[in-house]
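Scrolling down, you'll hit the structures one after another.
Consider the two complexes below, in which subunit A is the common component and subunit B and subunit C are the respective partners.
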Partner chain A sequence: MITVKLYAYLRDNRGKSVELSYEEGMTIKDVAKALNLNLADVSIVICDGKDDIPSRMVDHPVKPDSLIHFFPPVAGG
Partner chain B sequence: MYGYMGKILRVNLTKRTIKVDDLDFDLAKKYVGGRGLGTKLLFDEIDPKIDPLSPDNKIIFMNGPMSGTPTPTGGRYMVITKSPLSGTIASSNSGGTWGARLKYAGYDGIIVEGKSEAPVYLEINEEDVEIKDASHVWGKLVHETTDILQKDKNTNVLTIGPGGEKLSRMAAVMNEKDRAAGRSGVGAVMGSKNLKAIVVRGKMKVNLFDEEKTRANNKEATNKLKDNPVTGQGLPTYGTAVLVNVINANGILPTNNFQGGVFDAADDISGETLAEKYLVRKDPCHRCPIACGRYTKTKKVEGGGPEYETIWAFGSDCGVKDLEAIIEANHWCNQYGIDTITAGATLAAAMELKEKGYLEDVDFEGQPLDFGNAEAMVYWLHKMGKREGFGDKMADGSLVLCKSYGREDLSMTVKGLEIPAYDPRGVQGHGLTYATSNRGGCHVRGYMISPEILGLPDKLDRMELQDKPLWVKIFQDLTAFIDSSGLCLFTSFALGADDYANIYNAVVGTEWTGDDVLKAGERIYNIERQFNLAAGFTASDDTLPERLLKVPMPEGPTKGHVHQLDKLLPEYYQLRGWNEMGIPTQERLVELGLE
Partner chain C sequence: MIFNENKKLLGTDYNQKIQTKHVLIVGLGGLGGFVANALVRLGVENLTLVDFDCFTMSNLNRQLFSSTEVLGQSKVDVIKTNLLLINPDIKVDTQQRKIQSVNSLDRIDVVFDCVDNIETRLWLERYANDNHIPLVHGAIGGWYGQFGVVLPGSKILETIYQNKKSGIEKVLGSPTFIPPIIANMMVTEYIKYIFGIPETLINKLMLVDLKDHNYSIVFDKTKKKSTAS
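Let's turn to the complex of A and B:
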């Protein structure tokens, strides 16, 4: 199972954590689509420890047991 | 004179004299104000080698030109002195309204000298300034002191709590009860002078060079802050603690005194959980459209905060997952007037000392300081605030504590100041800012978390070394300007150097560009460096705790990494125009007008 964690207002109507079944050739773009998540609302994606902005992560391959985090634009200090 | 009030109050507590100095406008423009101008004045007036808690030290409260103007977030002030915690230059920033109020009373800043024989407070009512007996508030907590000294809605109170009175080297200066000039032990310097509080009343206005342009700039800046998803949505909704999860997901949320970087209960102590369970309302500083400040309530306490750093210090750094206990700890830090970062990090260091068997002889009074023990954490925080029992040993910070057990290496400090909530093993540029920050282990002297983790303004690879020294230098210089201007650093999530130049020009009447803003910041960075060198610091102090340089992160997405400071520092020195000893070259000083 793929585990997807969501944060801040991305949790609205989706919850904190969602499990998805893996399909051959799946990428971050497919995961976002399955969650009805517009990547324009996402600022940072972390997939199995690799972190980057969505435009550079869309085609990142997902594994059957991947852990993926989606963050909206957040900051602090 | 525009932007500045043109006056600095000089109070000598030994002689009980009060004077008004004229502000040198050229000097003000050269060092901007706040952090920059305060450092210049301090450096000119004290020997950096003095004992920070002696009457020879001075404490300066300094505004920037934008404080008290209608510019968004224009209400911040700086406390500048020699730090009793680190021995470096201290400049601690605070929000709220007090800074702006000092301008409304007619002053850019206050220089306090000497030492009063008995506890006093300063009451400023525009031109009437009095040194008054503080015996009725000495010993009282911050909230009660504020209530007693607060006269009306045109008055603002800055005070120390018992922490500062008892010369705890982690003591903060508090204003409006829960706003803190938190770091570097500045509250202890007030305590050493027997100065309990400064009460300010005033209704004057700051003159603006170009009112129309200022209005237009403010509108533009406010729109940018509101339209930006970070300053318009993330920070207002969740506060700074929205960071807990993203920092944890990168494996750099320091856990159990930096022994790990992943905290399983991160979501339980996150900004999301805080907003869901304990948030009463947002609590903005003066004229701030961002409103990241929180006002929270639990069954036991209510008040301002907690911030991300506080949640980390009492949360994952102490292995504590009970958010109510963390909010409680935050509340009592504000009441005793002590810095939440140093307080939490010192408790974490004590927990590791105990874990490693060094505290066998300590009477823990039935409250053993073990990682994860929330009740003991709050219990010993009270003892630290009151300097009682083992709490007295902790009250001067983790370095003093760990040294006394021969384990200086367990103090997670740079130049004696506790490192905040990001493990540098997984953010290489940010680690360089810790090592080179002029006040020691500090995250807000060049917040490299922005590009390295959050992708602002661009996303950099957090482990990459290339170009990081240049990024660090630019961030440090821009921050030095913002800190000196009277604006909040958080505006920089949405505004850039050119925006600040436009705002400054309309208020002060200069014709600066973004490059001039960075140059002023660089000048300020270098004068701080010179203060530290004169105080006896050397390049060998530009380092990180051994654990972060030698012990690979044991877990999570940062597993296997250490901080590679030795590969970054030489290039950083070169970019700064410093020689290999970390000393500014004559050419660079001349270039910056610091010869």
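Let's turn to the complex of A and C:
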């Protein structure tokens, strides 16, 4: 199973940790779609230790046991 | 005498490394007040404070130098008064305006990014970049925060805030406990940076989730490994 961890309001209607079934050729974009998650609301993605902004992670391949984190932007002072 | 407890950790000559730096703090809200407090208690003697705002009731839950006695007063003026009570020998320049409209600044050695909006954060990153100085970044919202030392050329803020207008703070607010934690982590990373400590978050960010105790370091080009689990 793929484990997806979500933070702040990305948890709304999804929960803080979600498990998804792996499908052949799955990417970060597919994971976001399965969670009905708009990547425009995400600031940083971490997948199995690799981290970057969503636009550079969308095509990152996901493994059957991947651990993925989606972080929203934080900008308060 | 004031700094004896700091010298035990940082060595007898540490003060020289800190005293000689001119520190610009932009944004004197939740983060900025605690950053200014910590820097002066560390020995920083030359500070410029920039914030256009005055203290209001809604600041009382989290802003260190806010009180019912100073409501309506300029944040930079109130904070300057308090900093001089900690160390009367320091020099504090205040600018009660937005940083974009400050005409000129003396030579700055480091910028602390304590503002509450993305537009100004990006402006500060460009300013630090153009002036070849480090930017100590911190941001908060709800249970969450992030911080790190951003060096010229890295454009980390431009990267993470790409196409973003605001963050989670608009929904989750800024509770009492988060500003002092992230502000003092910013100052800690600055001290580590000055001392050349290898583990400093240089061109990396620590993402902090105090609710679930998840602490992740991102943009770490040396390890490419997250502490997230």
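In the analysis below, the second predicted complex is superposed on the first by the 74 of 77 C-alpha atoms of A that agree within 3 Å, B and C clash if a C-alpha of one lies under 4 Å from a C-alpha of the other, contacts with A are read in each partner's own complex, and residues count from 1 in each chain.
Quick note on the criterion: a residue touches a chain if its C-beta (ideal position, glycine included) is under 8 Å from a C-beta of that chain, and two chains touch if they have at least 3 such contacts.
A quick note: this is a predicted structure, and the numbers were derived from the prediction, not measured.
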Check: Once subunit A from each complex is brought into register, does subunit C clash with subunit B or fit beside it?
Finding: clash
Notebook entry, point to check: So, does A:Gly77 touch the first partner subunit B, the second partner subunit C, both, or neither?
Noted result: both
Notebook entry, point to check: After superposition on the shared chain, which partner residues are touched by A:Ala40: those of subunit B (first), subunit C (second), both, or neither?
Noted result: second
Next item on the list: Would you sort A:Met1 into first (subunit B), second (subunit C), both or neither based on which partner it touches?
Entry: neither
Notebook entry, point to check: Just subunit B (first), just subunit C (second), both, or neither: which does A:Tyr9 touch?
Noted result: both
Next item on the list: Check the residue A:Gly49 against both partner chains and state whether it touches subunit B (first), subunit C (second), both, or neither.
Entry: both
Check: Touch check for A:His69: first (subunit B), second (subunit C), both, or neither?
Finding: both
Margin query: Applying the stated clash rule to the superposed structures, which of 4-12, 58-66 or 382-390 from subunit B runs into subunit C?
Written below: 58-66
Notebook entry, point to check: Hey, what residues of subunit A end up touching subunit B and subunit C alike?
Noted result: 5, 7-9, 16, 43-44, 46, 49, 51, 53, 69, 71-77
Notebook entry, point to check: If you look only at subunit C, which of its residues touch subunit A in the complex?
Noted result: 27, 29-32, 114-118, 121, 138-146, 159-164, 166-169, 171-174, 207, 209, 212, 214, 216, 218-220, 224-226, 228-229
Margin query: Please output the residues of subunit B touching subunit A within their complex, sorted ascending.
Written below: 228-231, 233-235, 237-243, 245-246, 249-251, 267, 271-272, 292, 307-309, 443-444, 447, 449-450, 453-456, 459, 462, 489-490, 493, 556-557
Notebook entry, point to check: What residues on subunit A touch subunit C, complex-wise?
Noted result: 5, 7-9, 16, 40, 43-44, 46, 49-51, 53, 55, 67, 69, 71-77
Notebook entry, point to check: In their complex, what parts of subunit A are in touch with subunit B?
Noted result: 5, 7-9, 11, 16, 43-44, 46, 49, 51-53, 56, 69, 71-77
